[in-house]
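Once you scroll down, you'll see the structures, which are given as structure tokens.
Here subunit A shows up in two complexes: once beside subunit B, once beside subunit C.
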Partner chain A sequence: MHFAFDENQLEFRSQLRALTDKSCTPADIREAWASERGWSPSRWAALAEMGVLGLTVPENYDGLGLGLVDLVLLLEEAGRSGLPEPLLETTALAVPVLRDAGGAGAEQRRARWLGAIAAGDAVVAVGTASMPAVPGAGRADLLLLERGGELHAVEAAATRQTARRSLDGSRRPAEVAWEPAPATLLASGGDAVGVLASLADRAAMGTGAVLLGVADRLITMTAAYAVERVQFGRPIGSFQAVKHHLANALIRLEFARPAVYRSAWSLDHGDPEASRHASMAKALAADAATGAARMALQVHGAIGYTEEHDVQLWMKRAWSLAAAWGDAPTHRARVLERILGAGGH
Partner chain B sequence: MNVVVCVKQIPDPAAPQALDPETRTLIRQGKLILDDSDAYGVEMGLQLANQAGGDVVTLVSMAPNGETSGLRTALAMGADKAILVSDDALRGSDALSTAKVLAKAIERAEPDLIIAATESTDGYTGTFPVQLAELLGLPSITFAKKVTVGDGTVVVDRQTEAGYDEVECPLPALVTVTAGVVEPRYPSFKGIMAAKSKPLEQLTVADLGLDASQVGAAGSRQEVTDVSAADERKAGEIVQDEGDGYEYVVRFLEQLKLI
Partner chain C sequence: MEWDSIVAEYLAVCQIRRAMDLLFTDAQDEFRHQVRRWLEANVPSEARGTGPLRSLDTAEGFEAHRLWERTMYDARWSVVSWPAEFGGRGVGLMEWLIFEEEYYRAAAPTRVSQNGIFLLAPTLFEFGTPEQQARFLPSMASGEVIWCQGWSEPDAGSDLAGIRSRAERAGGSAGADASASGGWVLNGQKTWCSRGAFAHWLFGLFRTDPAAQKHRGLTYFLVPMDAPGVTVRPIAQLDGETGFAEVFFEDVSVPENQVLGTVDQGWSVAMATAGSERGLSLRSPARYTEAAGRLLSLYRQRAERDPVAARRVADAVARAVIDAEAYKLHTYWTATRVLDGGSVGPEASMNKVFWSETDLAIYEAALALLGEEAELFGADGHPSSWLDGFLFALAGPIYAGTNEIQRNVVAERVLGLPRV
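Right, the complex of A and B next:
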């Protein structure tokens, strides 16, 4: 199969890049991390206006009704720019759940939330039963929460939250106490199993896409530093040992990229192996990003350990996202299970 | 009101560029992008036109190889339609020859207001807009930092070295806008998708009723005779502040006519 992005998808990316180059500089990220919310409402509004937030929202709710292949480059761009706003959680996780979950009141729920998400007026956080804390819970208007095999949509006002610390200043996790009620039920039984499984796959692919961008930025920053930093009378990038570090990081990134893109395609097209592809994507992208972070720290030397240097903004994101929605070993185990399971051991 | 915005599509300034060793002009192969300085004109045109009230914003451009990428960006920002003049005979056009071609193209759009940038990012001659106005027999106002349209006239705050002049002139007219006149919007994703289906008319020299000998290198009176490297940046002057440092600062800013 020949796989390539079309002109629109590439143009979407280039416009998002133009926006983030201007309004999501390292100084902007630091400001966001230090702020109460962890991100900027004005940048969120700009993302809504551009159409980023409504990308996966169906057209009848003022969205563009597009899929994950259309989204994947934008998630990568979010990673590259260090975007503190919850783009992944909103577009790749929450919107498809609200769009696809049936049950009583599903239509009212869609009307209430999907248009508001596209317009930038509503933020949704997602938490599964295995998560000790829900990322972005404090800034969400609606929380999609799993308990006892059921999925519920709970308005923020009906929850009690205890903030927890995170390495990544934009994630803002919180422990959420809440009571399930018939009115909040989104899916139960077999429906919930299906919705949660596809949520987990989208999360693995989407987190992988953001991690690609994070790895890309770490490599670019480090390559620039290696050209600039002089030791023993030469730029350190001229030493073979440093070149090898950078080259290995780039190779890991270039091998992870097609796996993430393929996963987006498989999820959009209901490929029977979509879950395996999502796990491959997350495992490879997490390795690429944590590998790039380790390499960046090594090449930067002592300055890389400081808060003042920007490299920490992307390293911390690499570490926190690599662990989110299943780390690399977990996803590798899933891939193994799928392959061996299919062969009957 | 019909608003025409002159749009130049240029090689990406972020990519390395080369000069043709024979003509000593910029090689324009490959993808071209919307000149950043024209994004201000497009935004101005969109803000002045009441598109809901039937006003139309038309883009006019001349580019090699039927290149439309930059025009698509401006259409995605919200312009209604575009006219592109592309013809091998136009290769080597100077500013005046370009003005002759675009004058013919612009006449077709029956403009009330023509907007152009002060100068392009790749050519920097800054002469094309006034030549165009002259050929069309229209008044022109350059260096606009604020533009308002009302009742058959255009009122402009025209940037000067000391401040600005308020200038008013009857429509139709041509106005050149400076960078910063407005903040160009980012094309929305809906705009990007809609741009694909907006009317884009492609014209040749013959379509405009011009003869190939009048345009391009054949019709140009300007020639690049020599290219030399820019002077290396000189080292700055270091002033020891002994309590009178501010005087140096004031004098320096005065030299630059900033105060």
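Right, the complex of A and C next:
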């Protein structure tokens, strides 16, 4: 038992943090949210150069061939920095689907897309049947889409999209109309069930990891504000009601963290309980983040209720990612079901 | 082999050792099995006619629990993490956590010696003289001497540094600089001492320099409860049992060698004890994961009988189960940090809030499942284990420093908010 990250993993996070500290400031995030694409191609290129985009791409396709334990701190960092680019969707969702789905044409598909993804030249979006809109569909070159128990890989040009505005300006969801064809089939039957199940687990862990970073940023920003803002002649952070709001948020975050890291490890190691671990991770991280968002708004007062103040950027991400890929109550119900077995209520 | 490749191989091995690994080693698994086998053969049980023991807060139950401590001690299982010379096995933090998991899995008796072995002992290891360690640790490990904690006073609860019970130099000269080694005389009152009704010794804080600032001028004393001038008045707790007591001191003589740490430096010694109380050692995660497992069984039973009623509580059950596991993971995370040379500071206060609230959440969910049955006592005239556990869990947010105080600590010392 050694529940800690190794030096390479910590170092990778430091590198990403150095990049985001420089080129992902709140002003940069606002610019991305206001832009047509919702993100910055130059930042995307920088991420590719660092090796982040190819982290989960196998080495023979010019990636780093690493796992989710190597990725999880970077996802957390994406949340902390408010990174508008689809790091989670690319590294934790799309790449492993392309990598793992078998079937006809799988090898060509990998050759066509994986290297391009690692190089930052291709972007892939993922949409399941239950999603009302596919996040990032408009900027994707390829869409991995589920319908009727099948998974298809459809090029963007072959889809018709209706963009939907959404709360978090970097999500960029669109309703996608498309036709399945034999040539687009990625997985069906038991193969598709397996691919979709592990996709859902990675998504629960991955959204959880980003949410840890979001909660962390909300707490740090709010603690700083509480020291600086003076009312009744003293910093509001000296009032106990404010202290306790912040302490509670931090406690929820600190006890969610190891659960998310464990989930990444379980997925990497094919732990038979990996699904349950992923649901636990998401349930804890989603509550930590939405709780931190409520707290952050309350402690900021009216200034937090404006578009002008930066705290909104992280609050909105908390709300959208907490609901994405199953919210906390959904995942708690899954945990209970998995423990009690099918037929347990 | 080329030198380069030897180096490369060595580096690769280091890398592997540092990598995240959530499995136990073979040696740890073997240790677990050893513990399990011994507990299976020895834990007092109904089947063997040796259990369950009466509550440790009754005179009879207290003795039965001491006997159990003795049985464990004789097989060297009572204090596995201590050095062998004091009756332990010198195992590490992970092995201690494994021991605890097995202990709770086996539904073994509550540790009547917990205030000693989990709170005082770490402080004795840190601040005690070799003589004090040799004198007090073995009898603590064997259950021969049961310790209670004498900190709180009627007017000093959360504001612990406000204690008034005092210790004066025998013969009248006061303060740390008095060179006389004639010992001390204690006067005053302590209260809420867990196990105080039956305990043999007390570790307490007394004011030795009344002129000093509040947190200075306190000294940590080790006092036998049968010393002349000590009077104990048991207090019935919420569950009707005498789980704690008031202790009065009237001119109680204590020799110099029963001061733990430095005279007038008792506050820092006490904070070390409090760190153990809130941090890793008092409440190991197995306590909650086992209770969560029982909650799941209860849920299953209830869901079979009345699915609609059970489903009403499903989210609360899932929350409690998840939080218990989150606490366990956080403990392994922290234990790894400690083993890698890190330390636990004010973050221990987060731990204390989390375990106490998780405990309560487990029992609240259980009582919600039981509905109107929850209040009923069993045929034996005692509350059900759920009701009993609920009553005990209610104390968690109060003892070991209330959760409000812990939140203050988290806000001020972890998040850096102004004290004012």
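As a working rule, the second predicted complex is superposed on the first by the 341 of 345 C-alpha atoms of A that agree within 3 Å, B and C clash if a C-alpha of one lies under 4 Å from a C-alpha of the other, contacts with A are read in each partner's own complex, and residues count from 1 in each chain.
Keep this in mind: contacts are C-beta pairs under 8 Å (C-beta built on N, C-alpha and C of every residue); 3 or more make two chains touch, one makes a residue touch a chain.
This structure is a prediction, so every number in the text was calculated from the model and none was measured.
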Touched subunit A residues, subunit B compared with subunit C: C
Contacts of A:A181 with subunit B and subunit C, given as first, second, both or neither: neither
Touching partner for A:R262 - first (subunit B), second (subunit C), both, neither: second
Which superposed partner A:L167 touches (first subunit B, second subunit C, both, neither): neither
Subunit B versus subunit C as contact partner of A:A104, first or second or both or neither: neither
Partner chain in contact with A:A283 - subunit B first, subunit C second, else both or neither: second
Residues of subunit A contacting subunit B in one complex and subunit C in the other: 8
Residues of subunit A that touch subunit B when the two form their complex: 8, 11-12, 15, 18-19, 46, 49-52, 55, 64
Residues of subunit B that touch subunit A when the two form their complex: 72-73, 76, 186-190, 192-193, 196
Touch list for subunit A against partner subunit C, complex: 1-8, 69, 219, 223, 226-227, 234-235, 237-238, 240, 242-244, 246-248, 250-251, 254-259, 261-262, 265-266, 269, 280, 283-284, 329, 332-333, 335-336, 339-340, 344-345
Residues of subunit C defined as touching subunit A within the complex: 15, 17-25, 28, 94, 296, 299-300, 303, 307, 310-311, 314-315, 317-319, 321-323, 325-327, 329-330, 332-333, 335-337, 340, 347, 350, 353-354, 404, 406-408, 410-412, 414-420
